[in-house]
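In what follows, structures are represented as structure tokens.
Two complexes are shown next, each including chain A; its partner changes from chain B in the first to chain C in the second.
Up next is the complex of A and B:
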């Protein structure tokens, strides 16, 4: 029964780490609760939840700041924080914009970046953007801290590189060079409160008329939020012309692995993701 | 925005008072309580000693029940258990064919069918107990495709000048064929189904609940429990929306709560979660409608054959009447010199489909309207001109042979929308050559007001008023479900009595206290019950005027209450309150109940399916502008312009609210709402995956109220509740066709379906197969 699941509400990181010294079986971390509470209500995988570590109160994880050319986003920064943060709006306007599109206002007030990352849904809205931006994730636990590149974090369907005794602490995003842009487009199921059918994010720019430092990531079209290295390779060093777009599109459509579900068919997702690439590329060069 | 209505034709309705309230938009009577959170919905009420009830449901679409096993090793103390064997009366949810059991006993006919019931004071223990009931079954083959069903719930076939059909097809310039498919839609009232049954000392039951039709529930309870009228009372609690979804289903959940309450001897409350409500309650009937039409070169309709197939689900419930309305509306708002309609509702092993705003008409009107656009395209005609040419006019006969005499507004609403939408220039505009294309489409529909055919004659609805010391109390079984019932009732009655709105109270629908006004369905509340109440209020006024003449002197015929004071000409006689108090003291309580009577000359033949299917029709034209994104195949509605003839808007703001709300619900039907079944089970039983439009998806809606009064309706009113559900979906499909050249013959027009239609290049026909779907995330 739900009321019999033990809950530890940590008031500080050391307190949370104390529990993680010997993680109880079936441990789930509760941040904003926008995924976990829904799963509990629907009784999805209830039997696999043995203990809940509530970290919502860890104020030290709720921040947005800037250090050494990095934009640092705390695990408990909510979508509302990202949406409203002057720093995010100035440095990575795409992230502020995307946060505005996640769920409803109430979800934005409660849902956190860390929760979104650790829930590891292939359709998690911020995930492709973090991958395209070249983010790295700092995770920590009783054994210390380590850094994992965002594109290495999502290892399989809803599985992450986090060890059972680790917490996601923050994301660090390199800032954009003057010639670079970070752009995305989400195709959801309606105009608000929607889950992605597909989401494509691109980072990069043009130097001397040729694309440089291109990173491509897609959501909702593979078991994990996917860095699309073949598409990147087809674009790097090329001018944005029809030939490059066609080559990149073919590469992208080959490397994504969409499925058919309630939100759309695999064929639809494959084609539309390609369309988004063709539509977004000129924005990188522009 | 409301455009001032063009001057309507005044019906010969004599009014005892100047138009004080009708036509104005006073604050709704239930508004403040709902705004301030004071309104108490069923789940807000606590009953002493109350238990919670829960339903054990089937997990298979079709099977023989071998055993219902309550785990012998589980501690059942504190848990009340009920199966079909505990039913004292008949195991049936009374409706039309009475084929649906309250609890499945021998055979399971759909997924999530109720099999057993549990009640417990502790909700968590209840959830746990639920997992200790095992229903052992022998699976049977399930029929999930209506086209493969051999069980027909109802079959109607009707014709107009059928002898001339062959000739029409022989001399046609063109024969146009098309097949159109619609899917399940969920009503999605905000408040899920909820009831509480309280056992009474006399062995009876007092049932509180969220519902549209208290007397349906009462009749179902009496039959199930083998109780008489006196021992079953049903009270409607504040109800958070219905849309037809609380027409028949509350009888089921009420029966469940009552069985548990009697078994436990304590009140039992059942409140569905959203998932249970989505998975197991009624939906709009899905169906396939096929047209074969003979047309002349100028677009004149010469003859048509229309086939309608509705999927009724596992039990017939309301399918016969949903089908009859669907069949009658299938020819649309047009003149058919010759026509044949063949309509069937069949059984499948899916949860029963039932009442939903529009009641069969949105399905068949979608088909005929999109078919008109197909005809226009094949003939190279303007869809507006095609509709103008064929629209029903006063004096025309419908396909059931009904002569349209009064309040016939097809052309008027069509022209109003053509003008306000900028039809000619909008259609001439380039569609765009980038990824975004614009298109404009329109539809013309009619909607029969009140019950179909002889329904009202059989029902004999009654409603009345009771004199109070300061005004009167309305006694009716019609329910306020958010649409404004009590406010418009108060307006009509206040005007008839010459009283301010505050002098009128409306009694809560309680079957032990109010007369049976029939169900709150079929756009009949205002026209039928409102009209009956107005008559009762007039009778009360005559009684009081006669009494005032007797007591104070004067000519009763010339005495009228105006602004709360009885007057004879300019002479004030006494205030209403003085007369009322004196009358009550003198002669005791005064209650006047009247019975609805159909207007003269309205006749319907059930056997032949001929005649006056409805006393009158409401009319609507709707223009929709869309933008289609060819990168993502998403369709966005940019604006809606709609003109709707409701006869008379009793409360214009509520009326426009009905139209705007219905329009957005219909846009959801057009573009995103679809209940998906997998192996007979609802796959999207949550709001994350069953999508309805958000505020951002709702476009600006310009509503033009047209008031062509209906002489036999209260102050000229017809119906409005369902009308706005009919037109938007085909108008969206027509706009998508205009924007992209692709005719998508199936609702909802999802990006996948639009993409498929565009890839096909030509207009595809709807297939009957299941939509291929993989595993959901």
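Up next is the complex of A and C:
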């Protein structure tokens, strides 16, 4: 029963850290509730939840700002905040667009960037974009703060590099150079309210006709949101031509590990993810 | 247990509830406001949409502890003070935008929020605003027509 679960509603970061000094067994952090409330209602794994730390009231974690060439996104920035933020729309329009495709308005009001990151679903919509963008995550707790690269954060299926006494505080995304683009495409059953079957995100640009600084990340096609280093290696320094696209596609299809489930077969996911790469690559160059 | 105090449709209400009790259950079972419907119970269908401090939310996903001190508007709060239907509600009736009625309260709240924002009511914008609200009678065209008309009247 949910009524047996103790809840601490923290009003400030120090208050949250006070609980984390000695994290209660089975501690779960509650942000906007769009994942945890579903789990509670479905009574899935309830016995593993010993205590809930509600951080929704930590206003200091709900922000979008810019400092030292970095776009900084607070853990409690909602998808609605990200889609409406003039800063995000100007600096990283792909993130604003993607946030508009997560659930629909009622989910966007509550779902948070930090929740998406810490829930660590392999199909989490923002995760490939954060990895491709070269984001780092700042996490903190009573022992202090540290920085973890987004592509090192997701260590296994739904497991992250967060220690039990740490909270995700913010993501920091390097801004794009003038020749660079950040692009993505999500494939679900429909535009709203759908979970990704596959989602591919690319960052990079062309210098003198050759691809430079290419980063590739995919969601929904491996146990974790995956940085696709083989595809990156096949693209770096190459012009966007049929040969490079074919080589990158073969590399990508080899390194992703999709499964078959109710949202699509492994073969379907591999094929479509390759199609997305072929469709998105010209946008980087252009 | 927490002592939850909130403003529902302009009146202060309170209840002693577990902190993770869903706002949906608080509204229906503690306050008897059964206009807010439960469809899927997992944020997929929008039947339980209400406004929480002016934002559209799924009441099935909001724990009581996060509604403390909030202003909530449910379908019961949409009519005019004299009890006659609001413009939006009247147009739902006139245009045949309600069939079985289960999605209607959520549709009305999602539509009301769209109208309150004052955006240009194009077909596409209205459909995006209502994209999280499923109508299993599939009466979307009538709903969209009613919302566009209500938004036009509000902008006059």
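In this text, the second predicted complex is superposed on the first by the 286 of 286 C-alpha atoms of A that agree within 3 Å, B and C clash if a C-alpha of one lies under 4 Å from a C-alpha of the other, contacts with A are read in each partner's own complex, and residues count from 1 in each chain.
Convention: a residue touches a chain if its C-beta (ideal position, glycine included) is under 8 Å from a C-beta of that chain, and two chains touch if they have at least 3 such contacts.
As the structure is a computational prediction, the values presented were derived from the model and not from experiment.
*Asks:* Between chain B and chain C, whom does A:85 touch in the aligned arrangement: first, second, both, or neither?
*Replies:* Neither partner.
*Asks:* In the superposed arrangement, which partner chain does A:265 touch: chain B (first), chain C (second), both, or neither?
*Replies:* In the superposed model, A:265 contacts chain B only, not chain C.
*Asks:* Report for A:197: first if it touches chain B alone, second if chain C alone, otherwise both or neither.
*Replies:* first
*Asks:* Considering only touches as defined above, state whether A:56 meets chain B (first), chain C (second), both or neither.
*Replies:* second
*Asks:* Just chain B (first), just chain C (second), both, or neither: which does A:42 touch?
*Replies:* So A:42 meets both chain B and chain C here.
*Asks:* Output check: A:276 vs chain B and chain C. Expected answer is one of first, second, both, neither. What do you get?
*Replies:* The first partner, chain B, only.
*Asks:* With the two complexes superposed on chain A, say which partner A:116 touches: chain B (first), chain C (second), both, or neither.
*Replies:* Neither partner.
*Asks:* A:187 contacts which: chain B (first), chain C (second), both, neither?
*Replies:* First partner only.
*Asks:* By the touch definition at the top of the document, which applies to A:106: first (chain B), second (chain C), both, or neither?
*Replies:* The second partner, chain C, only.
*Asks:* If you lay the two complexes on top of each other, which residues of chain A touch chain B in one and chain C in the other?
*Replies:* Chain A residues touching both partners: 2-3, 38, 42, 191-193.
*Asks:* Which positions of chain A touch chain C when the two form their complex?
*Replies:* 2-3, 5, 7, 9, 30, 32-34, 37-38, 40-42, 52, 54, 56-57, 80, 103-107, 109-110, 191-193
*Asks:* Which positions of chain B touch chain A when the two form their complex?
*Replies:* Spelled out, the residues of chain B in touch with chain A are 124, 127-128, 275, 435, 631-634, 636, 672, 676, 683-684, 686, 688-689, 691, 693-697, 750-752, 755, 772-777.
*Asks:* Over in the complex, which chain A residues touch chain B? Could you list them?
*Replies:* Touching chain B: residues 1-3, 38, 42, 121-123, 187, 189-195, 197, 259-266, 268, 271-272, 275-276, 279 of chain A.
*Asks:* Using the touch rule from the top, collect the residues of chain C that touch chain A in their complex.
*Replies:* 1, 18-22, 41-44, 46, 49, 52, 55-58, 60-63, 65-66, 68, 110, 113, 128-129, 131-134
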